[in-house]
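One chain, chain A, appears in both complexes that follow, with chain B as partner in the first and chain C in the second.
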Partner chain A sequence: MRRLPLIVLLAALAAPGARAQTREVRIDIAGGGRRTQLYCEALVAGRLPAGAPAARQADEVLAGDLEQSAVFLVARAWSGQPPFDVQAVTGGRWKVAGGQVTLEGEVRDFPARRPILSKVYRGPAADWRSLVHQFADDIVLQFTGESGVARTRIAFIAPAGRNKELWVMDLDGAGARALTADRSIALSPSWSPDGSLLAFSTYRDGGSPHLYVVPAAGGKLFQVSARPGLNTSPAYSPDGREIACTLSKDGNSEIYVLDARGGLPRRLTDNRAIDTSPSWSPTGREIAFTSDRSGSPQVHVMDRDGGNVRRLTYDVNYTDSPAWSPRGDLIAFVSRTSAGFDVYVCGTDGANARLVVSGGSNENPRWSPDGRHLVFASNREGAYALYVSDLDGRSPRKLDTGGHAAMSPSWSPSPHSSAAAVPTDVPNSNPGGRP
Partner chain B sequence: MTRSALAGSAMVHVAFLAVIFAVRQSEPLIVPGPDVVQVALVEPGAMPRGVPSPTPAEKAAMKVPDIQPENVEGVKLVPPRKPARPTEPAREEAAPPSSGSSLPYARVGSAGLSGGLAVDARDFEFTYYLMLIRNKVAQNWAPPAGLEGGRPVHAVVYFRVGRGGGVSAIRLESGSGIDFFDRASLRAVTLSDPLPPLPLGFPGSDLGIHFGFEYARP
Partner chain C sequence: MRKAPVLLVVLVVGLAALLAAGCAKKAKEAPPTPPPAPPVVQSPTPSTTPSTTPETPGSEPAVTKGDFTDAFFDLDSYTLRDDARAALDLAAKLLRDKPDVNITLEGHCDERGTVEYNQALGEKRANAARDYLVAAGVPAARVQTLSYGKERPFAEGHDESAWAQNRRAHFVLR
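And then the complex of A and B:
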C-alpha cells in the first residue's frame, strides 16, 4: 500500500500527456453521451446528366440514416453547422453516368483526416437511395461492429375511413406502397425471416379474420389459415418454417403453431382463458404471449412445445403485445394506463422492467433487427402514427409515412447480402474510380 | 510546510530515479490506480530517449496516405503498406497528447467504475477507436456487487482485435486479487465481441489492447 502514492507520482512525472488528456476526454456512459460526433461533408459531384439524382439528395439521405442509427450525433456541413467536437468526417464523390450511380464513400478521423473507411458503391441510378443506405450501414458497422438498419423496411396498417390496408415502406419513408386493396380490415403484419413475405390477418373474406401471406415486393395474396373462428396475430418462427398464431376453432382463443403453408396445426395452450399475440424468441425455443388466465391480460412465456408457462413480470400489471428482442436479452411489451398504453422493456426473466415510452397511447412495439430501436404506433400527437424509440431516454422520432395515419408496425429483418439488389462488391478494376 | 516540501522533493527524486531504473530494466511495470496506464501499459521499448518527436503538423502530413477507395470492405484489407515500424522515429511518452496510443482512466457508468486502455502498436493514432472500445466494453461490464469499500480494485485484461473487429487471445494480465472482479472484467471483454473493425488507416493485421478496469466505491 505504501508504494501506491509513489507509483502514482511516478506516473504523473513520466507521462504529463496523460494528465492533459484526462481533461480532454469526457465520456459518460450513463448520460447517453456515447454517440459519436460525426461531421457530414457534402459529396463532391461532377457534372450530372439531366434528371440524375443530385448529390445533395444523397447527402441528406446519408445524414438522415446516420442520425436514425442512434450511433451518431450528426452535423451537416452544407447547413453551415460547424465541426464542433467532431470525431470523424464523412464525404466522398458522387457520379452518375449511363444510368449508373457511383458513390465513393469515405470516412476519416478528425482533425487528422486519417482514413477509417473507404468503399465504392455502384448500381442503377434508380436504386441510388439503396446505395446511400448501404454506405450508412457500413459506417455504422465501422463504429459499432454491427451493421445498421438503413436498408430495412417497415410494414404497417394504414387506416382509411372504415378500411385498413397493409402498407410497406423504407425506414426513411421512401417507396411507400399498399400491398392490399381489399377495402377490408388488415391487421398485425409479421415479416418472414428472409424479408420476402408478410403474414397478416384480414377480414377480406367476410365474417371472421383469416391469415394471409403476401410478397413484401407486392403481388398475389395466399391464404394460410381460414379455420372457423378467429385466425389472427401470425408470427413467423426464426427459421421461417412455422407460423405461430391465434386460432379459436375449438371455441376459445389459443396459441397454435402451423407450418409455413398453414398446415399441421399444433396447439400450444389449452385453458379457458384467452391466449394470443405470440412472439418467438430468436432461438425459436420459447414463445412470449398474452393470456388473461390470471384475471387480467398478462404477458407469459412458454417453451415452444407449450410447456413451462410462467408469467413474465409481476412488477407491471395489465401487460400485452410482447415482442422478443432479436438479441434475445429483452422483451418489450405494453402496459395499460388511463390514457391507453405505455411501452416497457424487461429482461427475458421479467427482471428490471423499465418504462421506455409514455404519453398518449403507445401500442404494438416491435424491434429493429439490430435490437437497438423499437417502432410503435402512438396517438401522442393526435392521429395514430409510427414512432421509433432508441431506448436511451431521448424523445421518440416520428416516422414519415407520407401523411398516412399508421398503426401496427412491423420492422423487416436486415437485408442479407444475397438479397441486396445492389452489386457492391464488384472487383476493383478501376481503383481510382475514374470513368 | 517545509517538511512536507522536503518530503515531496525527496519523493520526486526517488520517483525520477525509479523511472530511469524501470525503463533500463525494461520490466513490465503493473501499477494500480488512475493515470498510471500511460506508463505501465506501454511497451517498454516505446520509450527510447533523444529522438525528437514529430510535431503534430508533421505527423499529420506523414500519416495521411492518399488512399484509393477499395471495393472490398475496409475491414478485409490486407495490410496495404509495410508499416515502417523499425525505422520510424519513436515518439517520447512526454510528447503532447497527440500520441493516440492510450486513453486515460475515465468514469464509465455511474457506480464508481472507471476504465482506461492502452494499445500495443506505437503507430496507432485513432483515438476515436479507443473511445469506442472503452464504451463498448464498459457497457458490458456489470457493476460488481459485494465489494468492500476502501481502496480501489484494479484489473487489466489483455486481448487482440482483428481487422474485422473479432476479439481473440483474451487473458487476465494483472489480477485484482478478487476472483469475481477479475471474472467480471474478462466477461466484459468476451461479451464485447465483435468490436468495431479496425480503421482503414491502421496498417496492422490486428491490435493488442490492455484494458484496465477499476472500481472504487463511490
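And then the complex of A and C:
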C-alpha cells in the first residue's frame, strides 16, 4: 500500500496516457559517480502510415534523453552496442494511427526481465517527441525519485552578424525558433517560473538597453522597463511576482526589484561600484549578485531587502555570473582565467568552492530545474556553443543548436512545476508596451 | 625510389608556400574596423530614440566626427588616463566653441568579462568621459551616454592590441 501515492503520481503525470504499473526501484545517486547501466532495445512498431514518425526516431530520442539525464549509461541495441554490465532494459511498442501516437513504454530489470515500469502514453502524432520525453522523465523518476528534465527547454542568444537574437529550443535541440527578429542586440534571458515567459534585455529601441518580456511560445514583445541608462540583467523571482535587474536610472548601476510588469522599482544596492547580475535563491529570501565594490568583480549575497551584504568567496579571484541552484544549497559562478572563465560551484556561505568546468572560456552557467546539471556557453571547440555538464564536470556534452553559434543559455523550469501567481496578465494589462 | 627526395622537397616547398600565404592572409585579416554605424533602429518609442542625423543642417563650418578623439581605458578600469584627458580637453573646447553640436558618448569594453558586467563597465567609462566634459564647461544636456559593453567591438581580434582598441568612450555626433 505504501506504493499507492507513487502510482497515483505517475498516473497523473502520464496524462493523457492511461495506465501505469510500477515496481519500486530506487537507486541512490547522491554520490554522483555511479550510473545505472541501461540497455535500450528498439521499440516494436507495426506498419506505420506514410509520414508518421518512425519508431527508430523515438528510440534515438529516448536514448538521448536517458544519456542526458546523467543517471544512466546507455547502450543502444539497434546500433549493435553489446549489453555491458546491464541493470535494466528499456523497450516497448509504438503505434501511429489516425493522427495519434501510442507509446507503450516498458522497463525491465536484467537479466530476469521482471517489469519495473510499464506505462502507456498517448497524444497527437505531432507531439510524439513529448511522449517519448515523458517516458524518459518517468524512467528517471522511477530510478531516482525525481523526474528527469527531458521536457525542459533552453533559451539562448544566437549571434547573427553584429546582432544577437533570442532563441528557444527543446533540450535535445528540436523545435528551435527565434523569439526576436529585431536586428538588434538581445541579451540575458530569464524564464518566468511557470515557463511561459522570458524576460531579456535588448537594444531594440535604439539608445540604451531596455527590459522586455516575450511569451516563450513566441509572440508579441512587451516592454517592462525603459528607464534612462541601463535596463539589464533581468531575473524572475521564484514566485514570478517580481523581476530583479540592473538599472542605472539614478546615475550608477544598482540592483533593483520591479514588480513583474516593470513598476514599483525597489532599490537594493546603494554603492558607487558596479552592481549587476542578480540571481534569486529558490526561497526568494536572498539574492546573489556581482559587485566590484572591493576592487575587482566578486559575487556577493544579500537579503531580499538589500541588507546583510556579504562577499561569497575570498579564495577565488575575479568572480561573476552567479546562479543559485534550485535546491538552494549551491551557487555556481565563473572565475576569470587567462583564457576567459572557468565554472565553479560553492556552498551558499562560499565554502567548498570547487572547479567544475575549465578549458577555453566557459560562461553564464545556469542550473537545470532538478539541480543536477549546468548549462553554459563555451568556446572550447572554437565558436561559442552550449554545453551541459554534471556537477562532476566530466566531459561536458554539446547541445544541438543546428551548428549555429550560441551563448547566454537559460534553462526552463520543469513543465510540471507550478509556481504561484505567475504574471500571465502582463501582456494584456500592458498593451501599449510601456510601464 | 630515387625520386622520393625530390618529391619530398617539392612537397615541403609547396607546404611552406601555402603556410606563408596563409600567414600573410591571416595578418591582413584583422585591421581595426572603422567605428560602427549607429545600430539599426526600429523603434516603437520614438521619444527615446536619439537622432542619427550626423550634423545640423546650416551649421558652418561643420564639425565632423573626425574632429573628436575617443578616450581609451585600461583593463577593467574607468579611470581617465592622461591621453584620455587630453582627448577630452580638445573635445570640450570644440563643444564650447560650437554650442549647436550635441554628442553621445558610447562606452565600450573588450571581450573579457561577462556581458552584463561589461554593460555596466561601459557605462562607467561613458559617464567618466561625460563628467569630465561637464566639469570642463560643456552643458550636461548636450552630452548623452550609452553603453554597448562588449557588444560592438571596433577591432575583432582576440589579442591585446584589439582589446586596447575596444576599451573606449566613443564620440558620436547627434
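The rule is simple: the second predicted complex is superposed on the first by the 382 of 435 C-alpha atoms of A that agree within 3 Å, B and C clash if a C-alpha of one lies under 4 Å from a C-alpha of the other, contacts with A are read in each partner's own complex, and residues count from 1 in each chain.
Just so it is clear, a contact is a pair of C-beta atoms (placed from the backbone, for glycine too) under 8 Å apart; a residue touches a chain by one contact, two chains touch by 3 or more.
On a predicted model such as this, the values are computed, not experimentally measured, just so you know.
K.L.:
Regarding the shared-chain residue A:Ala50, is it in contact with chain B (first), chain C (second), both, or neither?
P.N.:
neither
K.L.:
Per the contact definition in the header, classify A:Val120: touching chain B only (first), chain C only (second), both, or neither.
P.N.:
It touches chain B, and chain C stays clear.
K.L.:
Given the touch rule stated above, what does A:Leu230 touch, chain B (first), chain C (second), both, or neither?
P.N.:
Only chain C; A:Leu230 stays clear of chain B.
K.L.:
Could you tell me if A:Ser184 is touching chain B, chain C, both of them or neither one (first, second, both, neither)?
P.N.:
Once the two structures are laid over each other on A, A:Ser184 reaches chain C alone.
K.L.:
So in the superposed three-chain picture, is A:Val334 touching just chain B, just chain C, both, or none of them (first/second/both/neither)?
P.N.:
A:Val334 contacts chain C only, not chain B.
K.L.:
Quick one: name whichever of chain B and chain C touches more residues of chain A.
P.N.:
B
K.L.:
Can you list the residues of chain A that touch chain B in one structure and chain C in the other?
P.N.:
In the superposed arrangement, which is not itself an observed complex, chain A uses residues 433 for both chain B and chain C.
K.L.:
Which bits of chain A are touching chain B when the two form their complex?
P.N.:
Within the complex, chain A contacts chain B at residues 1, 4-22, 24-30, 34, 36, 87-88, 92, 104-106, 108-109, 111-120, 138, 141-146, 424-428, 431-433.
K.L.:
Enumerate the contact residues on chain A facing chain C in the complex.
P.N.:
162-164, 182-185, 187-188, 201, 203-209, 223, 226, 229-230, 232-233, 246, 248, 251-253, 274-277, 290, 292, 296-297, 320-321, 334, 336, 340-341, 363-364, 408, 433-434
K.L.:
Would you mind writing out the residues of chain C in touch with chain A in their complex?
P.N.:
My answer: residues 36, 38-45, 48-50, 76, 112-117, 119-121, 123-124, 127, 144-148, 151-152.
K.L.:
So in the complex, which bits of chain B are touching chain A?
P.N.:
Answer in residue numbers: 11-12, 14-16, 18-19, 22, 31-40, 59-60, 63-65, 67-75, 93-97, 99, 102-110, 125-128, 131-132, 134-136, 138-139, 151, 165, 194-197, 199-201.
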